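Presented below are the structures under discussion, each in the form of structure tokens.
Here chain A shows up in two complexes: once beside chain B, once beside chain C.
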Partner chain A sequence: MLEDGRISGRQFTTLIFLIIVSITVLQVPPLLLGLAGQDSVLAVLIAVIIDGVVAAVLYFLGLRYPRKTFIQYSEDILGKIPGKFAAVIFIQFFLLVAALSIRGMSDFLVTIMPETPLTVFIIAFTLVSAFVARGGIESLARMSEIIAPVYIAAIVFLMALLLPEMDFSRVLPLFRYGAKPVIMASLLPASWFGICIIMAMFMAYHHRPEKTFTVKMTGVVMGASVLLLLLIACIAVLGVEYASMLSYPVYILARQISLADFIERVEVIWVAVWLLAGFITISSLHYVSALGTAQLFGLREYRPLVLPLGIMLASFSFLIYPNAMSGVKFILQIFPFYALSIEGGLTTLLFLIALVKLLTNKLGKERRR
Partner chain B sequence: MSQKKKIIIMFLAALLLYLHAGCWSRREINELAFVMALGIDSLDGGKLYKVSVQTANTKTFAKEGSGSTEEKSFAVYTATGATPAEAVRNLSQQLPRRLLLSHCRLVLISENLAKSGVEPVLDFLQRNREVRETVWVLVAKGQADVLLEQEFDMEDIPADTLSRLIKLGEETSRGYAATKRDFLYKLTTARIDPVAASVEVLPDVAREGKPGVQLGGLAVFRADKLAGWLDAKETRGFLWVTGEAAAGSIVLDSPLVPGKVTFEFLRVQSRVTPQVRDGRVVILLDVETQGDLGDLAEPWVSRGQDNSGGGMEELIKEVERGVQETIEDEILAALHRVQREYKADIFGFGDAIHRRLPNEWRKIEERWDEIYPSLEIHIKVSANLRSSGQTCHYRHR
Partner chain C sequence: MVKKLTKLFNNIVNAINNKHGLTPEVPSSVKQESRLSRRLALNLRQLKQALGDSSDIVTREFSIGEQPPVHAALVFVDGLTGKPLVQEHVMKSLMIKAPREIGGKKPDLSKIRENLLTIADVKEERDLKKIIHSVLSGDSALLIDGCPVALLTDTRAWESRGISEPVAEGGVRGPRDGFVETLRINTALLRRHLKSPDLRIETMILGNTTRTDVAIAYVQGIVNEQILEKVRQDLSRIDTDSILDSSYLEELMRGHPYTPFPMYEHSERPDKIVASLLEGRVAILVDGTPFVIVVPTILFQFFQASEDYYTIYHVSTFLRWLRLLGFLLSLYLPSLYIAVITIHHELIPTSLALALAGAREGIPFPALAEALLMEIAFESLREAGVRLPKPLGQAVSIVGALIIGDAAVRAGLVSPAMVIIVAFTGIASFTVPSYKLIFTTRMLRFPMMLAAAFLGLPGIIMVSVVLLAHLTTLKSFGVPYLSPLAPYSGQDLKDVLARAPWWAMRRRPQSLRSPDPVRQESGLRPTLSGKKPNE
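Presenting the complex of A and B:
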């Protein structure tokens, strides 16, 4: 076995939760508010449903091919060559999202610390994630179990302090433009929630695979709730137009806290917990890309792949887009369709073929009788 | 662990010490100029921006208690540039220290610049990562740099004087100071127009050679351009409508008592409800206030006089009615000026319609600029006299 570790249901939940609340809460709010305005809240709910469908599909496949990651079972389903091809697509998707996350986080940190070169952040993130990825799934899962409560506590703390600044009448009107733009806009959060197809990698190491769907959706719902809370806070404190104008409204949101001229400048708390969550995300993606590559080529060990993949990741983070402005364009116009075609399209294709195979097998057996 | 490994770890640990010496881009206090207030003027008909910064003189803080105030506790530097950002950069030509804008309390925009549009200034303020969202955006009557040069009474640094004036002004319902966040929210939202407090120097009320300063009426913007001013009465009218009024007093002439009556209001609530009536959108405005008697002229004239409560109901009703009329009058004055003359929607009526009646809003959105000046507003004020203060005396004429 490449990986002997087992993770518990709670660890599964916290991993999925942190993956959602890190990069998604950084990139999604301004763009989503720009697309759907007050209806962003509904768009997130639709995105959760879309993600639930994908989760059900992967859950079915994971039960059908127990103790196998989808890199492995795509070969069983599609046959050797097309299966390897599908596996390559999954792996490069994880690599791309990892690079996007590293770049997104570094771009954000550069706006706070403009004198530090982007390189420093990118290399630091990659090195740390490589270190964790070498540790294997168990250490990753245990880390997430520690970080998730801290993250939740920090968000609750910040939201409570923001309450006096909120004007909830700004949350209205809902459904101003009808359903179609909301559904279109929901593709953006859905594409980011969709990173949770990483569950198909983790499910093979879940100690009770039959519970995977429940624990995964718990993580998604928790993560989506944090995103919802932050979106509502953005609207109530800053207003839709102002928030969508900002590059990082959640950071600006945390800057608004001022309680009795005493508790002020606490945005660093948010940056700290969010960095922890982002570090779990990057490490998870780094880990699954290394593990997936090892499984793809049938290697006995994935650890030697971690550092070379890290070098690829770091350079990929540089090359992915030239500046933060074109990054926004990429995330808004290209990423949702690219990501959903893999997260939704390729997984559904696997599912359908597996279903057809299952049914023909059954029919064949009956006929033989 | 082998001997070799131990040595390597020791060596690496020693390397860490270098990192502990401090930050890469650390900035020590004696290398910084703490900007307390930022003033922005326009020159050459808007082609150039003139930025002035009021910096705290940290040296005078160290000599606390010595009493010798020969050295000024602040200094003002100015520079010009084609954009606000360039002008701030150009300050370094004369200011030997690095600017720190994080402690900036207020941004003063000159009247001329406000008239030609403040968007470039606010864009600069939003992009800059040091300027907090809580800085006040103020309009200076006259030039901003001249105002920043002025030394005022009481506080060592004029920016402190101004920010205390603003706080007190808000607490006594004399003004409303928009923070950068408020201003940008209203500027970016097409359905509300921004307002800002104004500041003016009063050279006539000089004390020990230092002129007085006061928080003037509101500066009304239409989109990002200054449309005009509100006087004290209209400013309070604005506060009634938006519910920003906190506490203050209303003086009444009452036929029931010989002199004047002061009503001290403490709590104010307002509600803006758009409604469709006969196919047209109208605004229902409810204002509720609660307060106490502040004073009652000549209540003591005859000692031991009737204290049994006769005529009390009439007096309460009379005061409440008088307060309602005054508030209505102030609101009408503000509405008239803003709606008809400046045509700026500083009350956010458009936004209220957008929120509550989104379908109606879609119909009138395009023509809003034409509809707004003749928008019908129904005002309903209710005042509640809560107590007569620490005395129960009053005199019935």
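Presenting the complex of A and C:
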């Protein structure tokens, strides 16, 4: 057995929660605010619904092929060669998102610590994520179980301290430009929420697979609420125009906190928890791509793959875009469509074929009777 | 041809192996399975051959009865046996009180055993090897001419340290007895605190040369059988030369051989061990050491002092939080200081930053070097003080802390802020009850400081993530090391993040999967009226 760990429902939720918050909180808010303004809040809600549909599809597939990750069952569904092809697409997608997260985190840290070269961060992050990935799914799940409460506590603390700065009149009006831009904008968070197709990898190790949908959606809803809270806070404290011009409005948001000249500079708390969550994300993706590759080639052990994949990951995140500006362009114009075609498209394709197979099997059996 | 060659090869290999003694060899002194013969002289010669000419081994030959006199010999180790006991209850009864007629060539063993030896525990044994082990453990072996059997009389009585308060684990309130170096006394101490018939003690002998008695203690019906079986397996797997302390077992038993974290809790306090047994843990007692180890072990056990359960629970809860804080500070404080001083100047309020910068003015080293210097000085002081005789130890601390510390600041080598940080880190580390865990944090502080100096706050977080990932992979006999935090168990947390009052601790820890999880009935909370709350 490649991985004989089991994770609990609670751990599943916290894993999904941390992956979502770490991946969306940094880069998404300014872009989303630029696209949809005050309606960003609605866009997030729509994204949750889109993600719910994908989750339902994957939930169905996971129940249909119990104790199998979707690297394994895509072969069962599509046949050997096309199945492997689909698996390769999933794995490279995970690697791409991991690389994007590493790059995103490193880009952000370089703005805080300008004297440190980008490469140092990328390599250090990859090494740490490789170490965590070697621990396996149980270790990852337990880490997320410890970090998630800390994260939530930190966010609640920051939000409470921001309350005096908020001006809720800025949150309105909604639907200033009608529904269309909202729906278009919702593709952006949806594409990031969509990384939850990682659930199809984790579901095989969930100790109660039949509950996966509930725990997964709990994680997504929790993650989306944090994003919503931060968006509302951004709008209410900074205003849409200002926030959408900043690269990292949430960081600036945290910097606004100043209470009685004593509680100041608490943005460091936010950076700390955000980094912790970020490590969970990149290590999960790293782990999943190593595990998936091992399953793809029928290996007995995934650990030897972790470091080579890490080298790929580091170079990938270095090369993925030349500078932060083209990064924004990539995330805004290329990534959503690319991601959604895999998260929505490929999974739906798998689902439809599996459904057809199931029905024809049933029909065939009935006919034979 | 090939067959011949392989045969030849095998022969050569065998020959070489034999020459180098690689094949299991029968110990020269005692042939395996050797049994006693009927002739006393032969038996004595065999024993003498096995035990050698050691001065502390006494062989007393005498005769029992008169018509005809039966020759006998008593073999024991001087110093391990109680001489009055031997004289009064073995020699005297056999030589003086014995009837004149005892059986001649075929002496009546049962008579000797039942009527003459006034010793509580007498065993018959034929196996020479077992007799030797028994004699070396303090029994006296009675060999009688004409009998192929030795009577092993329990005359163990050696000088041992009296039961006293444990030095390393003192407390203000609570039982003050501590384990000693003798296994029997220790098991007796366990029985004194736990009179349940379900307390089981299994003994085995480990260490091929030291032949150390090792006992497993557990409470039948509370302990999880799987955990118990794992402990038994691990102990029986050990094939080593010597066991001089229970710490040998810690490294030889199951688990993660490369982790720097303590994977076994030990204690000198019987009350603590009994409390662990009642939670469903297994205790391992080793003869020759007062330190009893308890498995399975979780990290948070190292934050629990036995005194927590004897003081007001609010206070205990507060103290536990203080210890957790102390633990985190002792791990993070120097590195956070370095990170802020060298990289994140903007993270601290301006006035504080100015104060720190002012204090550091004129210091010739970067903050990392300064911190390393002070930490190493501090660790050396501590290490120097540990094994010195007490009066000298005080001198070290006075010279080290007061004179060197003060002089270093005045000479401008280190900043006063750094002295404060290092000293406070040291004090914070002492709040954790277990010095085992503190050793680990002392060590881990250094990579943390390096990471802080090079990568600042992100570096600290990276090291923390690596530590956390390592901790989450650890398991002690199937129980995750970080439980009840991860995997989460709210019920267990009330004895980790708090110390719940006794009436609220209804269940034993979930992580130990006890077959009898309920400790007590609900509704024990005392009320003003004296009635049960739900009545």
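Keep in mind that, in the parts below, the second predicted complex is superposed on the first by the 369 of 369 C-alpha atoms of A that agree within 3 Å, B and C clash if a C-alpha of one lies under 4 Å from a C-alpha of the other, contacts with A are read in each partner's own complex, and residues count from 1 in each chain.
The rule is short, and it goes like this: a contact is a pair of C-beta atoms (placed from the backbone, for glycine too) under 8 Å apart; a residue touches a chain by one contact, two chains touch by 3 or more.
Note that the coordinates shown come from a computational prediction; the quantities given were computed from them, not determined experimentally.
Student: Quick one: classify A:Pro173 as touching chain B (first), chain C (second), both or neither.
Tutor: first
Student: Check the residue A:Thr111 against both partner chains and state whether it touches chain B (first), chain C (second), both, or neither.
Tutor: first
Student: In the superposed arrangement, does A:Glu138 touch chain B (first), chain C (second), both or neither?
Tutor: It touches chain C, and chain B stays clear.
Student: Classify the contacts of A:Tyr242 with the two partner chains as first (chain B alone), second (chain C alone), both, or neither.
Tutor: first
Student: Applying the touch criterion given at the start, work out whether A:Gly298 contacts chain B, chain C, both or neither, answering first, second, both or neither.
Tutor: The answer is neither, since A:Gly298 touches no partner chain.
Student: By the touch definition at the top of the document, which applies to A:Ile252: first (chain B), second (chain C), both, or neither?
Tutor: First partner only.
Student: For chain A, which side has the bigger count of touched residues, chain B or chain C?
Tutor: C
Student: Kindly classify A:Gln11 by the partners it touches after superposition: chain B alone (first), chain C alone (second), both, or neither?
Tutor: Second partner only, chain C.
Student: Kindly list the residues of chain A that each of chain B and chain C touches, one partner per complex.
Tutor: Correct list for chain A: 112-113, 116.
Student: Would you pull the chain C residues touching chain A in the complex into a rising list?
Tutor: That would be residues 343-344, 346-349, 455-459, 461-462, 464-466, 468-470, 472-473, 480, 482, 485-488 of chain C.
Student: Can you check the complex and tell me which residues of chain A touch chain B?
Tutor: 111-116, 169-170, 172-173, 175-176, 238-242, 245-246, 252, 255-256, 258
Student: Mind listing the chain B positions that touch chain A in their complex?
Tutor: Going through chain B, the ones touching chain A are 24-25, 126, 129, 132-134, 181, 184-185, 188-190, 354-356, 358, 362.
Student: Show which residues of chain A lie in contact with chain C when the two form their complex.
Tutor: 8, 10-11, 109, 112-113, 116, 120-121, 124-125, 128, 131-132, 135-136, 138-143, 145-147, 261, 264-265, 268, 271-272, 275-276, 279, 283
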